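Each chain carries a letter (A, B, C and D) given by its place in the written order, and its residues are counted from 1.
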Amino acid sequence: MAYALQQLINGLTLGAVYGLIAIGYTMVYGIIGMINFAHGDIFMVSAFIAVTAFTLLAAFDITSLPLAITAVLIVAIFFTSAYGWAVERMAYRPLRGSTRLAPLISAIGMSIFLQNMVQLTQGARVKPIPPVIEGGIVLWTTPDFTVQIAWTQILIILVTVVLMVAFTWLITQTSFGRQQRACEQDSTMTALLGINVDRTISLTFMLGAALAAVAGVMVTVYYGVVDFYIGFVAGIKAFTAAVLGGIGSLPGAMLGGLLIGLIESFWAAYLSAEYKDVATFAILILVLMFRPSGLLGRPEVEKV
Amino acid sequence: MSAVIVARHARTPTERFKDAAWVAFVALLLGIPMVGMTTVDQGGALVVTTRFGVLAAFVAASFAGRFAFRWVMDQYRTRRDAKSTTVKVDRTAKVVQVLGWGILGVALFLPAMYSDNRYVVDTATTVLIYVMLGWGLNVVVGLAGLLDLGYVAFYAVGAYTYALLFTHFGWTFWEALPAAGAMAATFGILLGYPILRLRGDYLAIVTLGFGEIIRVILVNWTELSNGPNGIGSIPRPTLFGLPFERNPAEGEQSFATFFGLEFSGMHRIIFLYYLILVLALLTNLFVSRLRKLPVGRAWEALREDEIACKAMGMNVTNVKLSAFAIGAMLGGFAGVFFAARQGFISPESFTFSESAIILAIVVLGGMGSQMGVVLAALVLVLLPELGRNFAEYRMLLFGTAMVLIMVWKPSGLLSSREPTIRLAKASAMGGQK
Amino acid sequence: MSAATLLSVENLTMRFGGLTAIDDLSLSVPAGKITAIIGPNGAGKTTFFNCLTGFYKPTTGSVRLAHPKRGEMRLETMTGHRVARDAQVVRTFQNIRLFPKMTVLENLIVAQHNRLQDASRFSIAGLFSLPGYRKAEVEALKTAVHWLDRLGLTGIADTAAGDLPYGTQRRIEIARALCVDPVLLCLDEPAAGLNPRESAELNTLLLSLCREEGIAILLIEHDMSVVMNVSDHICVLNYGRKIAEGTPLEIRNDPQVIKAYLGEDDESEPATLIGGNA
Amino acid sequence: MKKTLIATAFLALGAQINLAHADLTVAIAGPMTGQYASAGDQIRRGAEMAIADINAKGGVLGQKLKLEVGDDACDPKQAVSVANTMVNKKIVFMHGHWCSSSTIPASEVYQEADIPMATVSTNPQVTERGLKNVFRIMGRDDQQGLVAGEYLADKFKGKKIAVVDDKSAYGKGLADEMAKALNGKGVKPTLRESITAGEKDYSGLVTKLKQAGVEVLAYGGYHTEVALILRQAQQAGLKLTVMGGDTMTNSELVTAAGASADNVMFTFSPDPRKNPDAAPVVKRFRDAKVEPEGYVMYAYAAMQLFEQAATQAKSTKFADLEKAMRGGSFKTVIGDMNFDAKGDQKKPGFVVYQWKGGQYDYAAK
């Protein structure tokens, strides 16, 4: 029981990170209907920015933890959004209105580019930072197992919940949200109504990148080790999460992320760690067989 | 890299200057965290070092590059606008045909021109493997319009089928080839079945997942696949039973002894090259012919409009499954050849990035275009190879090139479609009867 | 109504969640005649077509087809493609669904897929171009050429369908449906977007198809100049229910219909106003 | 236009390769890019220094050495391509590849072209295939697994031991051998698990280890994952001692795992930096700001091996070199080298090391 609880905490933390990245996929998919394959690498870029920022802060002897984390978050969000903007501008905007596959290939190219750019400029070695937050709370002690939740895990789950609420508000209540949803429905019509579609799409990419930036900072704080390869693995998992939850749906992305985190943890905990990826994808396929638009996706009525 | 931004027409020098300044500013923003700073490991802890000189150079290069690019583009546009009255005759079909024969000619005589250069022949072999894979995937993606991000799974199934049939039952290349094709086709149907209802990007992620499932199983099911150690000592194909070996088994002939030649490793390389050339050409013939058959037309119709297909009484399930099966089978054949050529296979050769490259070949080539696949395979395989001189920059250039080609030609290098039947020709045929 | 009944729909109901799109609809379509279904937007006309042609599975009710060669068939139990393949009930779409990158001729050949596919014997006969397949291919081409001529499309047979003007695309869609060899042809707003001249041509075409080829036609249409001129029989739907049925003349004067289209108090000439609705 | 472009491309390839060489060309190959690029970097630095030193002394048989670097990114297909490039460049000796899965297919290309190779790949298959051109200057997984397993069985009697690998050819081979050695000593591992390299979250594994009361982790794989496991174990309040293989020599482990790296032990050949004969070379590396860790000294030694073998054989022809290498004894910075019939080291001599305060040293015997 205690063991299961611990695995639940692990799974939730992992799932929260996947969820944060998955929202980026889902938002971009919602608005222009493309899989932004480079999104995982945007997340990786932000993790590197976080490493640099943390190291700089340490060099200036800024030790106040809330200050440091806030500063790093701001820096990471700022620069990563710039990357999100630039990627859209360079690799996707010229392809708007072409076939569905063209932006996908461009995105794969962008992903290769970003990985290698980071490898070249930042080096191939892993980047470790000293633990930022240490310790945690002991939740439950049984004779043979102690359930702990680390402060970082609490931080990640909290931040995710806050962002989730904030984004739901942003999309449903603000004028930007309305514009964004309007573009999702029909971008030509939206443009005719005098809304700057290009700007809305750019903003969406920047917001997606900002969320990836938060995820990048959280991962840096939590795992403490970053390399140029992390974007690929996390990207695929997050993409799977977005689809599982129903691509285009914000709560769906979060739910998908959490589910994948939990499936991975519990499969590895009770069955075999070797086949946990097989389990994840098999469950995805099963879900899609019965709900072809994912768990929370709006079922696509065959419009005849 | 910033030079990709194709903005509105900047005509006046001031506008051009402003535009370039904006690009330089973006370059600065992007450059600060990546180019301007880096962390280095010093005695067990990271320290930030700055490279503001490099950053300045990067920003300056972006500015200059953008400025020059816009200038050239403007010149080009002015000139093009001036000439725009001349009507362009679409001769793509003719050009493609000539190009095709040209490339075939080069392909046929390539080993003769480079008979002592195993690198060239071997690289050409790699190109041909990708051409074959591209033609196979073209059936699924280009013709039937089903996005498949896990094509490498079938390539793996083919390769492992041969490797296992050989290790356990001693099957030769030629015996295993059809078996592996059938096996891969079976897997194609296996994948196709549960996902018939899925569309577009849902299909993409499921196929991606399928590819990963196959790879993870190959890594973990050690009893079957020998796990990450892979399977080695896979025999090379023989020429009508003549092996390409220095020391043939007692009482047997090898290629070299049979023809009274001195043994050379090049014989086998060249033989493998011609073998894949023949396999690829057969694939091309096969796919081109299928395209003109009901099943091929049904694939294209499916790509165009699935609902209309149903309304025409077409069994969409069968059409999809046949596309998956045929595509998978061709991938399986390529896999057998790959296993035979490498002599050693392990799950590392069948990762997602492989699927991505094959898909990129199909899309860059121009979906559905057989000749486009050839061009794209040439570009995507030769680029990293030529890039070997640039060492660590080569994959960077590769990624950049993928983006640039896509932006330059969003519908692929060769995007014109050749009808499968023409009224004029067809009536002539019908009239003779 | 002396002609034999080709299609009889009984107590058909289609619900989407709480919404009842078709409510207990019964009607019959005579063989060899043109039957029109009219009604205001959202009356459930296209939903009815979808139930008929296997795209939706009706919640309750039955759709019986008296197939001239194959006997009685229950269309509501048949899935998607089987309605077109086995029952030969073929439809067109309100928002034209051609195969846009394929040529007009290819569109027409694809429509004959089932016959060709059978002849190609799992593509084996096709791959080697065996005589059986060659014969089927020539037949298919003949059929295609016949309809190309009939609808005046011969000159553009080798042009990609998607590149052609709207009116032409409508004709191609009808030609493609005819290549399936239908016993019942269901046309969903074939006149939408056509200019008056094209509408008039459509009238002639529909009449000749019906009178000369004996194909029964079921028509959804808003353009009253088409409906009133070609239909033998009209059925009016509103909110998923049948509110009137009869000859054009009867419908023209039916108070229920006038109410559905115009509301209570209007006294203008109904036909023109109904026409204006398109 | 396009046709000429392609023709030019091929011509360019050809031209690039057919340059005349007056010098002797030797080559290294390994992952210069990709996930394991840091190992490739070590190899290059070692080889460059060695060649500079050899050339400073007048080269080999009066000819200067020229170095070619091949990048296989640990991808078997690229490895074959690199091998073919190297054959065309008429190299006389190859140090590489690094990943076993690259070395195996590439070695067949070198064998056909009569090029001797000295590799640090540890998978037994590398030398078990009877190829005459393959020499291994490092121990084998089965040897290092045996040393590690027996050490654990002796030193950690009664403690619960888990054996984990990362599903790579190298990691799994090593872990299997460690498990075998433990079983041989009558110790049954409490857990046998695999993880996926390249992920970041190993909290599931850590929790599992904690639940099972495991104190010692015998790990087959690379240092990056070990660092992550240690960090996450510390967060979960689990103290782990890790036993790994030669990849744990990488100092990234310490940077990444911090203080908990002190609990990492590993097997490696006797530290070349402790070899008194190598002291001048070590000093030269350090002067050049290169820490001669990991594969740096091996790459240096591989070049020394070639130099001495060629000098002894008075030839760089394959048959002569092969005979000299198989029969001779060579003094290198990593100690004396002698090869057996398979091409393995006669006395590979694995030793157990332990990290302490950012340095590694022999573990307590």
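Structural remarks
Just so it is clear, a residue touches a chain if its C-beta (ideal position, glycine included) is under 8 Å from a C-beta of that chain, and two chains touch if they have at least 3 such contacts.
Please read all numbers here as calculations on a predicted model, not as lab measurements.
Here the chain at the heart of the structure, going by C-alpha means, is B.
Looking at A-B alongside B-D, one finds more C-beta pairs in contact between the chains of A-B. With respect to chain B, maximal separation of chain centres occurs for C (centres as means of Cα atoms). Centre-to-centre, using mean CA coordinates, chain A is 29 Å away from chain B. Annotation: 33 Å between the Cα-based centres of chain B and chain D. Chain A and chain C, compared by their mean Cα positions, are separated by 48 Å.
Work out the mean CA point of chain A and of chain D, and you get 36 Å between them.
Counting only residues that touch two or more partner chains, chain B has 41, 45-46, 219-220, 307, 392, 395.
Taken residue by residue, chain A touches two or more other chains at 116, 119, 125, 128, 130, 274, 277, 302, 304, whereas all remaining positions touch fewer. Shared contact sites, meaning residues of chain C that touch two or more other chains, fall at 55, 93.
Interface residues of chain D facing chain B in the complex, by the touch rule stated above, are 2-3, 6-7, 9-10, 12-14, 16-18, 32-33, 69, 71, 74-77, 80-81, 84-85, 87-88, 101, 104-105, 108, 112-113, 123, 125, 129, 167-169, 171-173, 194, 251-252, 254-255, 358.
Residues 53-55, 80-86, 90-93, 97-103, 105-106, 109-111, 113-114, 116-117, 120, 123, 126-127, 138, 141-142, 145, 148, 154, 157-158, 160, 176-177, 180 of chain C are the ones touching chain B in the complex. Residues 41, 43-46, 99, 102-103, 106, 110, 114, 117-120, 122-124, 126, 219-220, 222, 227-230, 232-233, 265, 342-346, 348-349, 375, 378, 382, 385-386, 388-389, 391-392, 394-395 of chain B are the ones that touch chain D when the two sit in their complex. Of all residues in chain A, those touching chain B in their complex are 29, 33, 35, 45, 48-49, 51-52, 55-56, 59, 75, 79, 82-83, 86, 89-91, 94-95, 98-106, 108-123, 125, 127-130, 236, 239-240, 243, 247, 274-275, 277-278, 280-282, 284-285, 288-289, 292-294, 300, 302, 304.
Put simply, chain D touches chain A in their complex at residues 33-35, 37-38, 41, 167, 193-196, 198-201, 203-205, 207-208, 210-211, 213, 224, 227-228, 231-232, 235-237, 252, 255-258.
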